[in-house]
Amino acid sequence: MEAFLNGADGVAIISCREGECNFGDANMNTYKHVKFLRKLFEHIGISPDRIQQYFCAAAEVEKFVASVEDITKKVQALPPLPKRKLTPN
Amino acid sequence: MVNASKHPNINLLTYSDIINFSGITGEYNVTIRKNTRYVDERKCTGCGLCTTKCPVKVPNEFDRGIGERSAVYIPFPQAVPKLAVIDKEVCINCKNCERACPAEAIAFDQEDEIINIKVGAIIIATGWDEYPIIETNEYKYGIYPDVITQIELERMLSPIGPTGGHVYKISNGKTPQRVAMILCVGSRSLRANPYCSAVCCNVSLKNAQLLKQEYPEMDITIFYIDIRTWDKNNEEYYRNIRAQNVNFVKGKPGDIKLNQDGTMRLYFDMTLEDNVTHMDFDLVVLATGIVPSKGTQKIVDILGLSKGPNGFLSEIHGCLKPVETKDMGIYICGCAAGPKNIPYSVCSALGAASKAATLLSNDILRQELLIAEVDESLCMGCHRCEKTCDFEAINLNENDIAEVDELKCKGCGACVTSCPARAIDLKYYRDIQFEEEIKGICGIEIKLDNTKEEIIN
Amino acid sequence: MDSEGSITWEYLKNVADTLNSYRVRALIDAKDEIINAGRYSEDQYYSILFKMFDEELLKYSLFEFLKTQPIANIEILKEFSQKNSLDIKKVYSLLELLRSENLIKIEEVYDEIEAQGEETPSKLVFRDFKIEVYREDISLVKSIYEPVEIIFDSNICSGCGTCAGVCPVNCLNIYNGFGQIDKDKCIRCGICYYVCPRSYLPVKLMNMYQDNASKIKEYTNIGNFIEVYSARTKVKEISEVCQDGGIASTCLYYLFDNQKIDFALGAKMSNTIWRPEPLLLQNKKDIIQTAGTKYVNNPTLRILNEFNGSNHSVAVVGVPCIMQSLLKSEIYNIGIPSLNNVKYKIGIFCMESFSYQSLLKICEVLKIAINDIKKMDINKGKFFVYTNNGEESSVPIKEISHLAREDCEVCFDLTSESADISVGSIGSPSGWNTVIIRTETGKKLYESLIAKDLIESKPIEEVKPGLPMLQKIAGIKKNGCKKHINEKKEKNLRVPIY
Amino acid sequence: MNCAELREYVEPLPNVVVARTNKFTCSDSGQNIIKNDIIELDLNRIVVAACTPKIHEPTYRAILMEAGLSPYYFQMVNIREHCSFVHQNEREKATEKAKRLLLAGINRARELEIVPRKEISITKSALVIGAGIAGMNAALDLANQGIEVYLVEKEATIGGKMAQLDRIFPTDDCGI
């Protein structure tokens, strides 16, 4: 959420593939949170497309590029989110 | 083998599994389960009398099912340690062996033994398995009896093997006249494994040569994509065999059919002549590739290591750190890290041993504590982190406050996100540090007095 | 998405803060546990979660709003309620939450109205709040949503059973009238704390809800009411078994008869004599089992989960603490399906209740075997017991009140002020019930009883001893409660926050 | 990308005392510049924007230590892989991105803390899992250095796959 608060219009979380996490199954833990956030976004009226998790291994260059392009495309289709206002002093 | 078993500094634990692992570099705690052999190791002399009295006969795994063994058996004549073992899954409990054993070594009431050890370093050499061709039945392996693998041929060629060093057709027991060897089965393939298994070319060449020595009239045809004999003296070896009247065909056979007379017809494209044709053979030998062993997978799970896309263990750096893993005290060598020939396996083993010895030559190791930290004033004692931690590194103390075990924590941060009270932070990777970073990436500058934030973009 | 246009940065900030809320985070992570516990489906889980999220979001927006104000008072709260088109009562309820979470301090400002002769003694009238924010960062506040364990430990658990009835992972139960918690299962979502009548209870607010008022004002000793009657049932089956007037049973009789409810929750005697257990009434035949007063406490709401899910209508008959927790969970709507199903709250008067063990002790005092007791009654300051042989013995309440449940000492409520309709014997002649109509729902129900000719009804003014007696006894309980709470406070024991 | 522009950008940022551009900061001369700056300007945080931390982070941490600063007060920003490599044809955009990354690095640097270290006495023994040709060799090598070795094998016998081989290439020796 910090990213959204500071002006990001979308957040992509790129993690290792299922079952290949360095730390047990932390990537799937993250996935659970992302799934919840997407549901929450829907609930509060924000497009769930703004947050996505992609699974790709470090060597999967094409997949990484495709992931980034995918979220860029999806987020560009959406209006920008409100930005933090300049707080005087 | 004997050296390894007799060395005073080596505690040999055969028939054993690693079942638990914890700790950090320099101080690992490992739990080993010594599976019961149902034979008392101290009493068994390896005389083999019991094996002759056993009424059960099952295919011998060591000889790739070509020969037989009994329920109580010694894997092969030169086995180290030379001790009998009872395969309880097939044993019928007739106790003939117990009566036969002159040393009274048979112990049906033996139980698994759990051993806890403390070590400073770990070397993983869990090796390889043969490409599981029985599952894919490529080239009708498992369907036509005279389609075998190089390892099976290897066993037949062995003087101590099931056939005493003679090669027979499994279907009729006659010596084959025309033998085909197909390379790259299960390797360098889009359908099976993409990688080269590194040794199959040489193994096939060697076996072709051994066959030629034993049966000079035998027709041997090797079907290859490329012959890869890259290591020292190997190219010379290849040239030498090529000169011995062995037939080489560049092209991988596409189909195999059983003829009426029991021979097999291979259809193939002779790529050098642009000619699709076929030939009949008595015996087809498949050079099956190398895959990570099942033990490797188990070790990955228990030790929490990472593996590459093909299932082999990952080193830190393929060129410069080939035997090291992300865990400083754990090293990998041999085929567990990828297909290798024997000299290369030995080199990597010695490399790993050297790395381990370098570590162990220190008395003290300074370990960074990049671990989770609990803010006791915020912790609610909800047990969630305890349940989340994959490494069992967090436990609640008697005051219901979470405590991190410095030795077990790997600093993965899963507990940080699981804590509903936000009481956990990861040292050096704190939420605040990331928040500041995110602000930076989003282009938000922080003014010196820390009271004003300004948008720059 | 079109709705994105209306989102402001401040809103996003509040969403982010809310995501740090202890309760929300506890629920998010415990999804698997909750679904595996089998009580709530995945849809229900999300509806509970988002309901909770909305509630927390509102709470944090109020907090952020208050932070921008130097000193907040009712006017400021009104401004907030208009800005967010919220009911002012909702705002008060959020305020109460913030207070209980120690995020704000509230000082109540009273006007003193001078005495005008003997008739109207001087009294204090509420005028305004002075609200002070004294925490800046929510995330650094240790959550107060501890499980109700602390309530159990401090002996103020009323044994109403609500916590056990809503717990998403079934980690709570009530044994012998007191709560027990399975710490290993507990996910610390704090839902139990939310519904518990003894954790904190916004009494003024509850009266406002009953009254549908938008201003904070003072109420009498028997809380908010519309009308009070004295009544008795005309239904024969009920009058044969009932304690006094049988009105509570008649209400259920009418509701079942006219398909107004699918289920009702009440208490029946268990296999152990004089020991009640919760009962889910399915039709009017079951009413007979529940008639009559039980002097041993009963965790009626423990069985809330038995009608989870679909859109049922449910009536609950119970003592004040049960009614309190129902109204509290109505105010802080947390989306628990079974609580949403409760449509009628029928309250019973209650001075104090006994545990089964203490009832056995009373029998010892009276030298009567518990199995011989036919009926019990409290009347004229005495505890009466009628045996199967027709004998009657009694003991003054004063002599046995030390045997009552400790938690009843901290209860201020005699007349089930949180119910739609309250029923009891105090104030009416023997064989009659005093009926306090508190809400529109209660009023409609009572009118229907009269219309269907199920009861005989007289205005309370026509009977002796009447309303003054009831007010007086209710006052005694309220004063006793104050005294006990102060005593506990002095000993640094935990007390309910009213 | 335009390194001079980057330097001009970060110079006025809060807490930034000195900003330098340098070819091959990882070289000896580059290292010395950092070391001198730490000592002379009394710096307490160092941010290096260069290549991947995978290779040179230890190098820089060592410099910090030599200069008497905790090695954890160091932050590396990878503007090679993240900017110049991937945005070769978009010089200006790459510079813009580098600015953001630098800002992130500087922001993070402010919050850096010293990570405590724990001294562990090393247990002088090793575990070798698998007693095939590799495992046996590793175990023997360690054992010959006087280290106690546990050699664990899941099968009933050691030797692994090599014991199954009749002969081995290219010497045609016996496998066992």
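A, B, C and D are the chain letters, set down in written order, and residue numbers restart from 1 in every chain.
Rule of thumb we're sticking to: a contact is a pair of C-beta atoms (placed from the backbone, for glycine too) under 8 Å apart; a residue touches a chain by one contact, two chains touch by 3 or more.
Computed from a predicted structure; not experimentally measured.
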{"item": "Chain occupying the most central position, where position means C-alpha average", "value": "A"}
{"item": "B-D compared against B-C, more contacting pairs", "value": "B-D"}
{"item": "Whole-Å gap between the CA centroids of subunit B and subunit D", "value": "29"}
{"item": "Between subunit D and subunit C, distance of the C-alpha-averaged centres to the nearest whole Å", "value": "62"}
{"item": "Whole-Å separation of chain centres (CA-atom averages), subunit A against subunit C", "value": "44"}
{"item": "Sites on subunit B at which at least two other chains make contact", "value": "388, 418, 434, 438-439, 441-443"}
{"item": "Residues of subunit C touching at least two other chains", "value": "none"}
{"item": "Every chain pair in contact, whichever chains are involved", "value": "A-B, A-C, B-C, B-D"}
{"item": "List of subunit A residues in touch with subunit B within their complex", "value": "2-3, 6-8, 20, 22-26, 29-30, 33, 57, 59, 83-84, 86-87, 89"}
{"item": "Subunit B to subunit A touching residues, read off their complex", "value": "304, 306-307, 309, 326, 388, 390-391, 410, 412-414, 417-418, 434-435, 438-439, 441-444, 451-455"}
{"item": "Interface residues, subunit D side, partner subunit B - complex", "value": "13-15, 72, 100-108, 110-113, 115-172, 176"}
{"item": "Touching residues (chain side subunit C, partner subunit A) in the complex", "value": "1, 3-9, 12-13, 15-16, 19, 28, 31, 46, 50, 53, 57"}
{"item": "Subunit D-facing residues of subunit B, complex", "value": "1, 3-5, 7-18, 24-28, 30, 32, 37, 62, 64, 75-76, 78-81, 83, 85, 117-128, 151, 154-155, 157-159, 161, 202-203, 205-206, 209-210, 231, 233-234, 236-237, 295, 299, 333-336, 341-342, 345-346, 348-350, 352-354, 356-357, 359-360, 362-370, 406, 427-428, 430, 432-434, 436-443, 445-448"}
